[in-house]
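Look for chain A in each of the two complexes below; its partner is chain B in the first and chain C in the second.
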Partner chain A sequence: MAATLTHRKIDWTGIAFAVVLTLIIVFPLLVVGTWAFTNVWRYPSVIPQEFGLRFWEQTLARADVWSSITMSLTLAFTVTALSAAICLPAAYAFARLDFPGRNLLFFSFLAGHAFPKFGLLVAIAGIFLQLNLIGTFWGVVLIQLVGTLLFMIWIPVAAFQSVDRRMEEAARDVGASPLRVFWSITLPQAGPTIAAAILLSFVGTFYETEGAWLIGAPQVRTLPVLMISFINNQPVIQYGAVLSVLLWVPSFIALLFARRVVNSGSFARGFGG
Partner chain B sequence: MTMTTPDQIGSVTPARRRPYGLLLVATPVLLVLWLIIWPIISAIITTLWVPTPEGSAFSIETYRFFFSDGYSLSNLSITLWTTGVCAILLLVVCLPIALYLRFSNTKVAAYVQGLAIFPMFVPSIILSFAFIRVLGPNGTVDLLFNAVGLPKIRTPYLTPWGPVIGLVWDNIPLTVLILLSGLGNVSNQAIEAARDVGAGRFALLWHIILPRISNSILVAISFAVLGIFSAFTLPYILGPAAPEMMGPFMQRTFRDLYDPQTAITQAVITFGFCIVFGLFYVRSVAKNRAA
Partner chain C sequence: MSVLSIKDVSKIFPNGNVRAVDSFSLDVADGELVCLLGPSGSGKSTLLRMVGGFETPTSGVMTIDGEDITRLPPEKRPTGMVFQSHALWTHMNVFKNLAFGLKLRKVSPDEIKRRVEGVLELVGLGGYGTRGVGQLSGGQQQRVALARSLVLEPKILLLDEPFASLDQHLRERLREEVRDIQQRLKITTLFVTHGQDEALSMADRIVVMRDGRTEQIDRPDVVYREPQTPFVAGFIGTMNLVEGTVSNGIFSRAGYSTPLPVSDGPATLAIRPEALDLAAAEDGGQGKVHRVTDYGTHGLVDLDLRDNTRIKAMVSHPDLFKAGQGVTLKPRAIAAYRDNALIHRA
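Let's look at the complex of A and B:
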């Protein structure tokens, strides 16, 4: 493989990878997608006996599905809004101001990543137990908020640092107020990256399962937590399949917006690569 | 870690040294202190200073229990086994993909890269469901085998191989990206020079490429180990009920057995097993960010 520097006419290695990866990565998801639009699929028929939307109606008629969709969206909006409110000013400060301990504090957000995540969640749960936060909405908000801090600070810091300082200074020179400069020069340049960070933290929070399960269950039931109980206790396969398709929507939106970011080298470098 | 040189996150003009920046960063920093640093310290303290009739005293009793309890030990060993097998499989699967992607820029390569990154956009809960539908009892593989007259497979669902398959699938994207980023440091000239002096493919890989990406391989392994060692969702859904991996084990001890002291002991033990990987990983990320 290493020797494919010179182009061959037909990329056999690539075709082999493409076929195997399609089978392993796309095929299982297609199976789930098929199940979601199936009314009857009994063993051992290779294709479903009857396609249809019957189980969409039944799934969407369930009260537990709606309450967990509402819960998931409320949680994700609350956490993302709080995270933006506390992290964006901090990111601006890290990018533009000098203050004692700036580097140490900046790198302190990595602390959570030096430990296995679920172990850390259990240690936090030990603290929440004393504060009676187990099984509460705000307990889950706090634990998910901590999970967003690193990206919501590091990505916007990079965004603020890449803003062209000469343009800001030029605007100041012709008499613009600092607020005006921030609004008209800084924000439009840093905005798209910050929006990507906000989107990523929304999607990440929406799918966060472990903290919600450990801290929130059974009182706080998010969509992924409901999905776990469907997988464990629900004999009707289609409920889980329909819920999977519904659950995938935010990820699909993220996929549309974030693919360029993910494919760029700086993303992998952010993970230490 | 060296975090004290002033220019690490990009400099600001010295004239603008303003302590009120501290106010702006205070809330997230306090959150880190309260919900990451303090729980870790508190976990260590509460598991080592246990309450006795005469006040609390130093004791390693909870740890002694863990390391003498057969069930805890078998959970620990299944976790170590799963983590090891996943790390090896990830390298075996991802290194060839990354090498291929580094040295070709065909349309097929773009498709392969898209596929390799795709699992990042599939939440593990959907992956678990898909796994059961495809490899579970009477799943799609059984259907297809049955259609061509083959016997049913021995399903990996609810066996130790279930979490292994799921976790490898889930970790492919970042492993490929980290390795690919490392391969970016291998210059085409170095490879052409080696080839000019007659190096074969294997010699090229072993003497030229691997030494240059060894750090990226370590970073990829560290990241995978940190994620897999205390994984919860995939082992909880796909793995056997007993022995269970540390993630489900801690969750059950905490929530179902109402025994936070033991659960926190288990958490501290997972910290201990991962600390080397954790520090190495964090150091690499910090170094990259500072560069």
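Let's look at the complex of A and C:
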């Protein structure tokens, strides 16, 4: 009894880490969250003088907020769907086929992320200007599509590679065509990991700001872009805070999904774990 | 008439210039079980995968029931393959694994249910349909894999070391079960193994392979009793292979000699341990006992010729011998090889 008690030593470093991490991550969220539900909060009070939903009403009454939410959702759906349609077959090809220039092409997807992003964006913006894509919906789709390539190629390639070749061969053996094998065996086997990649690219696109702002402004205004202009132009903190809380929603939904995926265990397998 | 006919099939993989399979020919009769036996890398799997359609032969022709299948994709072939790693689809339960192929063939749901349950019964897994693949033991998974092929009633069943990952006891049991099922259904079968006892106990005929080529094709007892090459002699069962020279009808090696009625030249003498009698010798003899092992039912004597060539002999009374003792060799049956061919048997 005594032995087990002394063995259960308290891990102070672990606790310290946890506390510091929690403070760093949660504290700003807490502050922003509090601001969003505050009507009056004057210095030097530690807690707001008056809680309320006044700024929610004001924010949600604005037409530009609603149009930017719609815009953000439409963009995220379009980009993710296009990205999946392009990248999943490509990822399968990378994972399963050997063709000349395979490695070069594979690493070119990484290259876009190896350089400072903003410089690259400015260069692309120059090209888009000549193509009359600046300030258009499809211009933003295009720029954000480039941003998703990394997730949507890299992760599914790992997922496809981890699918047992013998399983696919066994399916051919019982009479399935290559397409049917992909649909009924490969995709479900790689499914959880691919779902995670799609989720990542959806959320990533939803939050993407630099590209959307540089290419889309001022005609195409997404929620994050709108939030930035609120923060820059409005003396009232609450507008930004309310939008910020609104922006958490996709993250929470993504987290809920991610939990199910990660728990299923096949996620780690997809990464060779 | 042969169901499966393989003619002069070769396979060279593009990378690396090995001839994995080299001018291989084989005819398999209806309902026959043929074992492909050979050491690792001898091309057994490659050959089987070519029959299944997973590799394309570099040259040669394969036919099933007279129809050329050499270029057909796997899904168009009347073959069913059981892999070493069961290769069951883990996202489907047992029933769905078996039903998948039937669904592709547009069999009605009632018929699917009937056939799946029938074949599960056959492999001793009646009522396991709703189990997940992960909820089965290794032996059960291999049975489901077998059932998945059987349910489609293939003309040819292909098995690639299906029991290799199982323990000895289970392997022996499944071996018998598969043989029973195969004989009951009279299904033509190609079975790959590198275990000789598996081949000897199951096969109607054994193909001994080495470096992609055939060394010998015969019934198991013939392969065991009359190996045609020293390689087969050494690979099946235990065999003493003694290299020496023949001159004037006498084979000799390091103080051991025995009559061998063949022309002069080098020769390899082959003697099974169970066909080698030993007699105690007063004057040093032809060899010296190194170790005696008593297995209860019989004993095994390891002895060394004068140049330390190790020879094994099976004896019924191991207590008659002890380490260090001199013995003379009295083989009851010998075979001799020269240039990789059998030249004498007695």
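Throughout what follows, the second predicted complex is superposed on the first by the 247 of 273 C-alpha atoms of A that agree within 3 Å, B and C clash if a C-alpha of one lies under 4 Å from a C-alpha of the other, contacts with A are read in each partner's own complex, and residues count from 1 in each chain.
The rule is simple: a contact is a pair of C-beta atoms (placed from the backbone, for glycine too) under 8 Å apart; a residue touches a chain by one contact, two chains touch by 3 or more.
Owing to the predicted nature of the structure, the values given are computational and were not obtained by experimental measurement.
**Student:** Is this a clash or a fit when chain B and chain C both end up on chain A?
**Tutor:** fit
**Student:** May I ask you to decide whether A:Ala254 touches chain B, chain C, both, or neither, giving the answer as first, second, both or neither?
**Tutor:** In the superposition, A:Ala254 touches chain B alone.
**Student:** Who touches more of chain A, chain B or chain C?
**Tutor:** Partner with more touched residues of chain A: B.
**Student:** Between chain B (first) and chain C (second), which, if any, makes contact with A:Val122: first, second, both or neither?
**Tutor:** After superposing on A, A:Val122 lies in contact with chain B but is clear of chain C.
**Student:** On the A-aligned overlay, A:Arg180 touches which partner chain: chain B = first, chain C = second, or both, or neither?
**Tutor:** Second partner only, chain C.
**Student:** In the superposed arrangement, does A:Gln189 touch chain B (first), chain C (second), both or neither?
**Tutor:** A:Gln189 contacts chain C only, not chain B.
**Student:** Once chain A of both complexes is superposed, is A:Ala171 in touch with chain B (first), chain C (second), both, or neither?
**Tutor:** The second partner, chain C, only.
**Student:** Quick check: superposed on A, how many Å separate the nearest Cα atoms of chain B and chain C?
**Tutor:** 6
**Student:** Which positions of chain A sit in both the chain B and the chain C interface?
**Tutor:** No residue of chain A touches both chain B and chain C.
**Student:** So in the complex, the part of chain B that touches chain A is made up of which residues?
**Tutor:** 1, 3-6, 8-10, 12-14, 16-22, 24-25, 27-29, 31-32, 35-40, 42-43, 46, 96-97, 99-100, 103-104, 106, 108-109, 111-134, 138, 140, 142-144, 146-147, 169, 172, 174, 177-182, 184, 188, 191-192, 201, 204-205, 209, 216, 219-220, 222-223, 226-227, 229-233, 236-237, 246-247, 250-251, 254-255, 260, 263-264, 266-268, 270-271, 274-275, 278-279, 281-282, 284-286, 288-289
**Student:** Quick one: which bits of chain A touch chain C in the complex? Just the residue numbers, please.
**Tutor:** 164, 166-167, 169-177, 180, 184-185, 188-189, 191
**Student:** Which of the residues in chain C come into contact with chain A in the complex?
**Tutor:** Interface residues on the chain C side: 52-54, 73-75, 79-81, 83, 85, 87-91, 100-101, 104-105, 145, 148-149, 152.
**Student:** Which residues of chain A touch chain B in their complex?
**Tutor:** 1-5, 7, 11, 13-15, 17-18, 21-22, 24-29, 31-32, 35, 43-46, 86-87, 89-90, 92-120, 122-127, 129, 142-143, 145-146, 149, 153-154, 157, 161, 207, 209-210, 213-214, 217, 224, 227-228, 231-232, 237, 240-241, 244, 247-248, 251-252, 254-255, 259, 262-263, 265, 267-273
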